[in-house]
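This is the structure I have questions about; it appears just below.
In order of appearance the chains are A, B, C, D and E, and numbering begins at 1 in each one.
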Amino acid sequence: MFNPKDIIDLLAANVRQTRNPFGVTPSRFNTWWREAGAFTRRPGDALLFTGLMYQAIPYINAAARVLERLEGSLGADYLRFGRFLPASLRGMGLSVLASGAEKKKFNGILHSICRVLHKSGVGFFYHPEMDFYSGILLYDLGDEEGFVEHARFVAKNLKLHGVEKIITVDPHTTYALKELYPKYMGVSFEVNPYFTFIPGNGDRPGNGGPPVAVHDPCFYGRYLELSEGPRRVLRSLGQKYVEVRNCGEFTSCCGGPAESVSPALNREILARRAAELKAAEAPVVTFCPICLANLLKAGLPVEDLATVVGRCLADEK
Amino acid sequence: MSEKAVQKEPGKEALKTLKAARKEQIAAVTGRMKEQGRAVQAIKEALAGGELTVPELAAATGLPPTEVLWYVATLKKYGEILEGPKAGSYYRYRLGQPVAQKTEHDPGD
Amino acid sequence: MAMALVNLDFAEELKAYGVDTALECFNCGTCAAICPLLFEHFPRKMIRYAHVGAREKILEQAQDLWRCLHCGLCTRTCPRQAGPGELILGLRRFVLAHARRA
Amino acid sequence: MAKRKKPESKSEPASAPRVGVYVCHCGGNIGDAVDVKQVCEQARRVPGVVMARDHMFMCSDPGQELIIEDLKSGLVDQVVVASCSPSLHETTFRQVMVRAGANPYLYEHANLREQVSWVHHGPEATEKAARLVAAAAAKAGQLTPLEPLRVEVQPRAVVIGGGAAGLKSALDLAARGQAVVLVEKSPFLGGQAAQLSRLAPGGETAAEVIGELAAAVLAHPNVTVHTCSQVTGFEGYIGNFKLKVTRKPPEGMEYAERLAALSRSGCGLGEFAPFAGVMPGAIPERAEEIDLQAGVIVLATGMRPYRPRQGEYGYQNFPEVVTLPEFNRLLAAAGEGGTLILNGRLIRSLALVHCVGSRQIPGIHEENEDGYLNEYCSRTCCAAALFAANLVREQYPKTRVFDFYRDIRTYGRGQEELYTRAAKNQAVFFRFEAGEEPQVGKNPDPKGPPLLVKVKDVLTFGEELSLPADLVVLAVGQEPNNIADLVAMMKIPVGADRFLQEVHPKLRPVETAVAGIFLAGTCQAPLDAGEAVAAAGAAAVKAAAILSRGYVELDPFVAEVDLSRCTGAGACVTACLADGALSLVEMEVGGQKGKRARVNPVLCMGCGACAAVCPENAVNVQGWTLKQFEAMVEMIVSDEYLEGKR
Amino acid sequence: MSSGPHPRFDVLVLGGGIAGLEAALNLAEQNFSVAVVEKDATIGGKMIRLSKVFPTLDCSSCITTPKMAAASHHPNITILTYCELQTLTRQNGDLLAMIIQKPRYVSEEKCIGCRQCEYECPVLVPDAEQGGFAGRKAIRIPFSNAIPQKALIDPENCILCGRCAKACPTQAVNYYEQPEEFTLAAGAAVIATGFEMLPLEDKVQYGQAQIPNVITALQMERLLAPHGPYNRVLRPYDGKEPDNIAFIQCAGSRDQSMGVEYCSRVCCMYAVKQAMLLSGALPLADLTVYYMDIRAFGKGYEQFFQTAQAMGVNFIKGKAAYLDPGEDGAVKVRYESQEAGGGVRLAEHDLVVLSLGLLPGWNPEGRCALSTGGDNFIKTVKPKTAPTLTGLEGVFVAGAAAGPKDIVDSIAEAGAAAMEASRHLFSKQ
C-alpha cells in the first residue's frame, strides 16, 4: 500500500537539504543566467524570482520518461512521486538524461522574459542566490510543516537581501509568494508576474501573424484570476488570439500534476484538454512551465507567452 | 398622448437622408438578405425535385442543417414550404403555395 | 460500513487543518463530475465522510486524496462555495499529521 | 332585492335564424385530435347555419374580432363557439356578444376539448365534434334574447376566521370603506400564526405580525368582531346571504391551553399573548344567536398542524419525540446561555425530520387515523424547520442539529438563504427516500442520549447511518381545519386533498363554485403567513369590487312558468330542490283565479327538476327549454350534415 | 383622464404581464381608471409565450388571452405598449411617470393588422418570439395573439426599401417616427415588471450557447406551443424528432458561483410539466430530469410530480456539472450518480433543456426611489402583513418583480397589490 507519508517525508528531506525537491544543488541545473548577461541592482529594482520551475522541466521530463516504463510494474506505487526524486534513482545521471535541446528551450524562455522586461523599461535584477524553489509542492501534498519551514527560509533570505518587489515567471511560484507566504507566515512582498509589467493597452491592428489559442494555467486563471493580463499584452502587440472551450477562471487542467500520480491518468486528462485546444485550430500559447511541457508532450504546437511576446517585440524594431 | 406629432409629408429627399444616415447598417442587412435569398433559392430548388428531410436538404444545398431547418421553419410560417410525412426520425418537406395575399388574420386557415 | 455512528467531533478536529467550509456543501455532485479525475464520487465522497465524521473511512482511503491535481475547478464551480479542493488539501494535512503522529 | 332589467335589446332575432359557428383549434388542444376544417364544413350544412369559421385561438383578440365583425355586419345573429369547456370561456364569449351590441344569451357553447379532443382520437373524434357542434347550432337557432337578473348587494362582508388571512381580508375591506363582520370560532384572533414565536424566513415575531393586524382590525370602525362564534345557519345567494351565528363559551382542550397561555402571559384584552393570540373581549357566559346579512362572504377558516399517529417516528412512544410547533413552545420557555435545556434535560443532539404528514404516497405510506393520505406538500415546513435549526445553532451552539429530509423546499424569497445559513451553522443533513423514513428507537447505549435515529442515507451512497439524539423534532405538515358543517351548509366544493376548492387556480383563484363566497389563506392550500395574507388581499379585492358596485348580475337560466298551461298541480313545488324558489300563489290568470306556480328567480338554481315533473309542460328553464333540447337531440342523431346529402 | 397638466389615472400599472393585467382588472372593476405601461409591443408578458401551464395543463393562451382581451376592452383601462418608464417621482401627493413611447414606425391608429406589410418585407430576422428557431420579417405583428394587433418595424434590420409602405392599405407606415416623451399622473402605482431568464451564455460549464441542441426552458415552451416554430418538437440542430431529452435543473439558480444564491422557484415545476407534455407529444422518448431538490410546493404540485414519475419520467438526483457536444448533434451530460455504486456518469441526450434561473425584469435604479433586495428584486417592507408594500408610499409590487414566482402566486399577489392600491386611493378620497 502506497504510503504518502514516506514519499512526502523524503521530499521534505530533499527540500531541507538542497532547498528544492529534486535533491540536487541548484547550481547543477539553474544555469540559464550565465548566458543572460550581467544584472546590476539599482535601488528600487525588483527581483526576478523564477522559483526554479522552468529550469527543472527538462530534468523532470527525463525522470518521467523512465518512470513511464515502470508504471504497472512492481513498486510503481512507491515510485509515483519518484519524478521529484531523481537523485534517488541510482545510476541515472540527470544531466545525461535531460535533453540538451530541452534545456536550451526552457532556458531560452527565461532569456526572453529578461529581454521583454528590459524592453519594457522595468527596473529589475537577478541573483541566483536569492532565487529559490518556492516550496509549493510540499504545500500541495499536505506537508504544511515542511512548506512553512522552507518558505520561512526563502522569505528570510529575501528579506535579508532587502527584497521588497518580486517579479515572478510562473503561476505556481506566484501563488506561493503572493497568497501562501502572507497567509502562513505573515510575510508579504509586492509580487507580480512579469507580463503585468509589459506596457500597452487597447487593441492594435493585427500583426499579420496567425491567431493563437490561449491555454490558461489553473493557478493564473482560477486561483489568481490573472488571465486578463496575458490577453492584454497580446492585444496591445496586435497578436490575434482565440478563446478555447474552458478558459480563464474555468480553464481545464492540462493534467501535468497527474504525472506524479499516474502517467496513464496524465495522458487521459491531457488528451481531453488537447482536444479542446485543437478545436481552436490555432497554435497554442501558455504561460506555465508545467502546462508547456505537458502540452508539448501531446504534440500540440505550443509556445510560451514569453517566446511569443519576445518575437513580437523583436519584429517591431 | 398616443396621438403622434403630425409628421410633415416626407418626400423622397427625406427618405434619401434617412438612407444615407443608416448606410452602413443597410449595407450589412442587404448583404445578409442576399445570402438569405441564395439559401432560400437553393432550398426551393432542391425541393423542386421532391420531398426532402433537413439532413437531405443540407446535403443537397451544402448548407449546415441548423440553417436549413431555420429557413424551412421560416418558409413554412409563410406557407412557402409544407410539412410532409415522416421518414425515420425526420419529417419531409415540400414546396407549398406562397401566401402573398392573405386577407384573413387566421393562421389556422 | 454497517450502522456507522455519526461522529460530529471529527468536523471540529478538521478545523485545525483548515477545513472550515466543507459543511456548506449540499451534495449536488458538481465537484465529483467536474473533477478531471472522473473518479467514483471523488471529491464529494471525502466531503461527505467529513460531514458524518467517518474518520476511519478517510484514513482507509487516504491514497485517493493524493490523486487530486489541486486544479481548483471544483472550488471554482461549487454552487455553495464550500471549497471542495481546499477540503482535499486539508484532509491531506490531516492524514499526514495522523501518520506522523503514529 | 332581485329584479329583472327591462329587455332592451334591439330586436328579436329574425324569423329564420342566422347562426354563425366558430370552431377553435385551441392551439393544438383540439386541432391535434379533431379535423377542425371538416367540422366547419359539416357545420355549414346544418340548417340555420350561415357561416362557419375556424381560428387557432377563438378566445384571442383576433378570434373575438371575427365574431364581432360577423355580428355587426348582420351576417349572423346567433353564435356558437366550439372550443374548451364553457366554465373557462362561456363568459368571455358572452362579453363578445355584448361588445358587438347583441344579446349575450343568443350564444351557445360546444365543448370540443374536454368532451372530444382530450378523450377521443381519429375520425371518431371529428365525427363527435361535428355532432356536438350541430346540436349546439340547432339549439342556437332556438335561442331567445334573455336579460341577466340584477341583484342588489347587501353592503356588508362577513369574514369567517380570525387568523392572519381573515384579519387581513377584514382590514382590507374595512380600509376600502366596506362594513365587515369578522366571525371567529375561538376566543382569540391570530389563528395558527399566533402559535408561533417567530416566522420564517424573515424572523418577524408572531407578536409583531398578529399584533399589528389584530390591532388595526379592532381599531377600525368598519369592523365588528365576534369571537367565540360559529356560523350555524346559512341561506341566500350572492348579494344577499343570511347567516346565523352562535356565540357561546368555548369548549375543547386547545382553547383551554390558549386561555392558560393568556393568563400566564399576564396580557390583557386586546394584547397579543404568546401562543394564544389576541383576545378582544370577554368570553360570553351563555350562548346567544346573532343574525347577519351579507353581500359577500370570505372564508378564512385556516389550517391545523398535522398530528402524528402514535408511534409515527416514535411519537407518543418516547417523550423525547415532539412536533415542531410543540418544540417551538419548549424553545420559547428555554433559558439563554449557550446550552439548551428543555424540561430539565440537556439537549446536545437534536434531529429534525421533514415531511411528517406530508407527501404521503399511496401504497408506501400508512393512512392516517381518519383514513386519509396527505399526498400534498405542506409548503411551509422546510423553511420552518431550517429556521428552527438556525435558531438552535445560533443561540445554543453546543446543541448539534441533524436534519433528515426528502427534498429541501426552500422555494421562497429569503428561504434558500435559510438553508445556506443552516449549513454554515453546521447543521448536518441526511436524505431519505419515500418509504425509507428514518427509524426512531431507543438508544442501546445507556450512557448516550435516549434515542437512536437510523437512516439509509442517500447522500452517503445509501449507507446505513445511525445517530444518537436527545430530541427528535417532527416538521409536521398542514391540514385544513375541520369545517364539514360549513361545507355542508354552503355546498362549497372540497378537493381530494380536503382543502377548499377554487373554481380555477388561475382564472378564478379565490372564487368558489358558490357565487359570492371567496377563499382566503390556508383553507384553500398550505401557505405561509405572508402568502396567506396575500391570498386574503386577493379575496378581498374581488369582494370589494362586488360591494363597491352595489349590484351583481346573474345568469337568467331559471325556471319560467307558462301560466297559460299551469294548472297549479304543485308537482313542481314538491320537486324543487331550492327552498323557496317555487311556490304556489293565488293569482288571476285570464280572468280565472287559482293557485299557480311562481318562481323566485334569484333562488332558483336552474336545475330543471320542476320541468321534469310538470304534467302540463308548463315549466321550462330559460335557455334550456325542452324545445331546445329536442332540437339538439334531433341534430345529434341526424347524419345528413355529416355526409353532405343536403 | 381628468383635468390637470398631465393625463391622470387613478393607478399606473407598470408591466402588462399576467400580474399587471390581473392587478389592472381588479382595480378597473372597482371603477378606478388604470394605465398599463408595457415595454414590449404587446401585453401578455411571459405567460402568453408559454405552452401549457402546471399543474392543470391548461393551455396558457386560453387563460392569458381572455385576460388580455378583457383588459384591452375595459372602459377603465388604457393600455400603452412599447413604452418605457423613464422616471417615477412624487409631486404634490401624486405620482408622476415620465414615459417614452418607442417608435413602432407604424401608426397604431392607422394599422389594421392585415399583415400585408409583413408578407412584402424581404428581410428575414431570427424571431425571438420563437426562441430564434424561425425567422420573422423586419416589419411584423409580434405574434398571432398579440394585443394590440399592430405591426412594428425593427429599424436595425430595415433597409428602407419602401415595400411595406407601398403595401399598406391605410398608409400606416412612417419611417420617420421618433421616440416621444410624455408624462402621466397617478394616485398609486403597481410594479409588475416580472422577470427575465438568465442568459444561456452565462454558464461556462453548460457551453454558453455554443452547443447545438442545448436550449433554454423558454425555447422549449416555444417548441411545445401550438404556434411554435416547427409546430412540433424537433431538435433545432437538424430537425430530428428527439427521442432522448434531458432537463437540467438549477442551471443558474442556487448557485453562488453564478452569483445567484436564491431558488428560482418555478423551474422544477415547469420542467416536470414540459417532461409530461413531451411524454404526450413523443410517447417513446426517454425523459430525464437532473435535479437537486424537486420543489413541488404549491397546490396540486406534489401530486403532479408524482404523476410525472408514474408516467416514467426519470428523475436523477444530482446537478449536471458539464455539457459537451457529442456526435451528430448529441449532447453529453456529466453528472455524479449518487446511488450506491454510482459515481461520475456520462449520459448522452438528443436535446438538453436548461432550467435557467430567473433574474429581475427591471431595475429601478435611476428611475425611481424603489430599493431592491440582495437578490436585486424589488424590496418589500412588510412581507408578512402586507406583502406587496414597497418602501415608497402608494407604490405596490406584484408577481415576479418581487422575486421569482409562479403564475398562481403572481395572480394572488396581483390581487393583493390591487387591494392595497385601492385602499390607498380610498384613504386619499
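One rule holds in what follows: a contact is a pair of C-beta atoms (placed from the backbone, for glycine too) under 8 Å apart; a residue touches a chain by one contact, two chains touch by 3 or more.
Remember, it's a predicted structure, so these values are computed and weren't measured experimentally.
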Greatest separation from chain D - chain, by CA centre: A
Winner on C-beta contact pairs when C-D is weighed against A-C: A-C
Centrality ranking, top chain (CA atoms only): E
Distance from the mean Cα position of chain B to that of chain A, given in whole angstrom: 55
Geometric centre distance via CA averages, chain D-chain A, whole Å: 68
Whole-Å separation of chain centres (CA-atom averages), chain B against chain D: 49
Multi-chain contact residues (two or more partners), chain C: 26-27, 41, 76-77, 80
Junction residues of chain A, two or more chains touched: 249-250
Residue numbers of chain E (touch at least two other chains): 113, 144, 149, 205, 227, 231, 254, 338, 342
Of all residues in chain E, those that touch chain D in their complex: 26, 29-31, 51, 53, 55-56, 58-59, 61-63, 65-66, 68-70, 72-73, 113, 144-145, 147-149, 225-227, 231, 254, 261-263, 265, 293-303, 306, 317, 338-342, 373, 375, 377, 383-388, 402-403, 407-409, 411-420, 422-423, 426-427
For the chain E and chain B complex, residues of the former touching the latter: 7, 80, 101, 107-109, 113-116, 119, 122-124, 126, 130, 133-136, 138, 144, 149, 155-160, 162, 174-178, 180, 182, 184, 212, 227, 229-232, 234, 236-241, 243
Touching residues on chain C, where the partner in the complex is chain A: 36-37, 62-63, 65-67, 69-73, 75-77, 89, 91-93, 95-96, 99-100
Interfacial residue positions of chain D with respect to chain C in the complex: 349, 400, 402, 408, 419-420, 423-424, 426-429, 431, 454, 457, 459-461, 463-468
Interface residues, chain C side, partner chain D - complex: 1-6, 8, 11, 23-27, 41, 45, 48, 51-52, 54, 80, 82
